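Comments concern the structure below.
Which chain is which? They are A, B and C, in the order written, and residues in each are numbered from 1.
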Amino acid sequence: MGYLFDPDNWEWVVTENNLGFLLEAFLINLQIAVIAMVLALAVGLVLALGAIARPAPVRLAAKAWVDVFRNIPLILLILYLALSQPQSVRDFWSDSAPGFLPDALRSEFILAGIGGLVLYNSAVLAEVFRAGILSLARGQREAAAALGLSYLQQMRHVVLPQGLRRMVPATVSQLITLNKDTTLVSIIAIQEVVRSGRVLAGTAGNPFTGSGVAAPILHVMIFVGLLFVIANYALSRLSRRLETRESRRIATVRTAPRVSEAPPA
Amino acid sequence: MEDDAPAVTLDKVRKVFGDHVVLDDVSLRIATGEAIVVAGISGSGKSTMLRCINGLETIDGGEVTVDGRQVGRSERALAVLRRDIGMVFQQFNLFPHMTVERNVMLAPLKVRGMDERDARTRAHQLLERVGIPEKAKDYPADLSGGQQQRVAIARALAMQPKVMLFDEPTSALDPEMIREVLDVMRDLATSGMTMVVVTHEMGFAREVCDRIVFLDEGRIVEEAPPEEFFSAAKSARAREFVDKIIHH
Amino acid sequence: MDVLTDNLDDFAAGLWVTTRLVGAAFLVAVVLGTLVAALRVSESRPLRSVGGLYVETFRNVPLLVLLFITFPGLRRGGVDINAWTAGIIALGLYTSAYVAEVLRSGVAAVSQGQREAGLSLGFGQVAVLRRIVLPQAFRTVIGPLGSITIAMIKNSAIVGASIVALDDILKEARVVNSATFQTTEAFFWAAVCYLLLTLTATAAFRGLEARYAIRR
């Protein structure tokens, strides 16, 4: 306990630019999370539509894809992509990544990192979407069909607007998970906050490279953890707010006061 | 009131769920402008029969036609056919994410390709007709059940259907709201709309419809004008049914 | 296929390590999670806040960061902790927050009427919790606990992939990969091992659910 609370062990926080160094790296995590989220949402929606499509081969293929990728560890996907990525892809990205991107996002492994995050999260989100769409009462689709709307029109005007709205809270909480998962790309040498933390802990006590003030890894990682707790707590508050708003909105839709038995139709 | 060409025909229709025969050799002709009530105890196949008419259920034998056109299996052809068949559900099934007005306008805009102004004008006329013009901008959640059901009727009418199907439109309503919905339906029947109504409201059947079709275990066991149905049904099952409702 | 048959021992050993890791961490998570859930539903406001703080902390921190805290972090601080203990504690702590939330909402789902029925039969508060609320809550949480277990199996790979030196499935795959350079095969069979575990867990919890489901 003494070790943990000893002010000397926390001095690194206010030494030189250590704090800025970590915060800047944390920003990389947030950027990776947002990029991966946007892509995963798009891919996930396509997969979900595939999983509810009528042609059986499409449906089965989409379902199998989703079930495989959401049931294997994300870190396995990331490592595999990084290790199997051909040299040409690495070179392509290091050469042609837009210059305005931060260094970490121009790393030769970033495509593998983001690719893994998207592969895994799109499968998870597809399942969320599918459930959101299927939870729509069958009556909604039948009412649209009875009006003469085509399959695509039913999807576009009736099913998706309601399904997507229901998924907003779940998507925000998935963003929390994704945010945490961005730390995994540190394992493939991308300079985000965990890796920066390790650099700090490894070098900060070194009078030649660091500031000469020791930055114990325990303290650095507690600090990094705190950054995530704060950012994700804010997100989870947002998610909960959206959720109550959503359930209030749905609850006000009058449901039948008396139905003698569960009607099959 | 009857034309020569029937609006709806069912010819030896058969429908099974698993090994449960839900409709068994059902044949029926409904003339243009006719309003019929379909009666029968719970589980006798009333909803299923109605849903076969607009292809929400696919049939396993026989043939259904609407306005001379066969009700097939292709979704594309069904979508075209359904433009001319309105349907009103027990649970209203309004689209909760759209205003009342948008609910009514959706199909004319997207299916008929009508322009926004005409669709809105028509929506307002119909809301006027069902007695709730002031609710156009509200969301379904803010309406009473009776009002929601009247919007659902307006929504179906907006496609100017040739036939209207009603599946227990008042069964989910509180008693004080049943009247307002039945009044709208009565006006519709008077205006000459071809209607197929599944309902337990025998008062409505007696006063409004031209013919009662009585289903029992997936078969039509009685077809008669209301006065005859209530006083002199031929089949034992129908008499039993009538006795029960009259003595309750 | 050669990659699998030639290295069957390694993959089997990895599977066993992952299974033990998940099993031990599951126990930690359920014990801690139950304690924290009890805090979360207690009558005392400060205790509830402590429970809330615990949940928010461990749910929002990345597992990898926790692992750096429990292993190199504590060791540098002079705590003599081994890789297994550190891995189990980190994975267990992380998961316990989710378990606590699931148990709490399970308890909340048991209606006030059930409680009142128990109280009016003469049971005390604690007895009502123990005999009426918890058994019902436990059944409703079987499904969510299943999802947590599956997440745990997947998360266990982070333990092996970070510095904690445990030779789990993923670690074995990397060893095989560096020995054979058959990257795709090595990772493919590792993925199959994980699928084996996650799908088994899915089936097991479905079975439990079917058996103990409460029909309402």
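The criterion applied here is as follows: contacts are C-beta pairs under 8 Å (C-beta built on N, C-alpha and C of every residue); 3 or more make two chains touch, one makes a residue touch a chain.
Since the structure is predicted, the reported quantities are computational estimates derived from the model, not experimental observations.
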Exercise. What is the shape of the graph in which nodes denote protein chains and edges denote touching chain pairs (line, ring, star, complete, other)?
Worked result: line
For this session: Give the label of the chain whose average Cα location is farthest from that of chain A.
Result: B
Problem set entry | Distance from chain C to chain B - Cα centre to Cα centre, in angstrom | 53
Exercise. Taking each chain's centre as the mean position of its Cα atoms, how many Å separate chain A from chain B?
Worked result: 47
For this session: Between chain A and chain C, tell me the centre distance in angstrom, where each centre is the average of that chain's C-alpha atoms.
Result: 20
Problem set entry | Residues within chain A bordering two or more other chains | none
Seminar exercise, completed: Residues of chain C that touch two or more other chains sit at none
For this session: Name the residues of chain B that each touch 2 or more other chains.
Result: none
For this session: Quick one: which bits of chain C touch chain A in the complex? Just the residue numbers, please.
Result: 56-57, 59-66, 68-69, 72-74, 76-78, 150, 153-158, 161-162, 170, 173-174, 177, 183-184, 187, 190-191, 194-195, 198-199
For this session: Would you mind writing out the residues of chain B in touch with chain A in their complex?
Result: 42, 47-48, 51, 54, 56, 75-76, 78-83, 85-87, 89-91, 93-97, 106-107, 110-111, 140-145, 148, 152, 155-156, 159, 167, 171-174
Exercise. Considering the complex alone, what residue numbers of chain A touch chain B?
Worked result: 137, 139-140, 142-151, 153, 157-158, 161-162, 165, 249-250, 252-261, 263-265
Seminar exercise, completed: Contacts from chain A onto chain C in the complex sit at residues 3-4, 68, 71-76, 79-80, 83-84, 176, 180-181, 183-184, 186-187, 194, 197-198, 216-219, 221-222, 224-225, 228-229, 231-233, 236
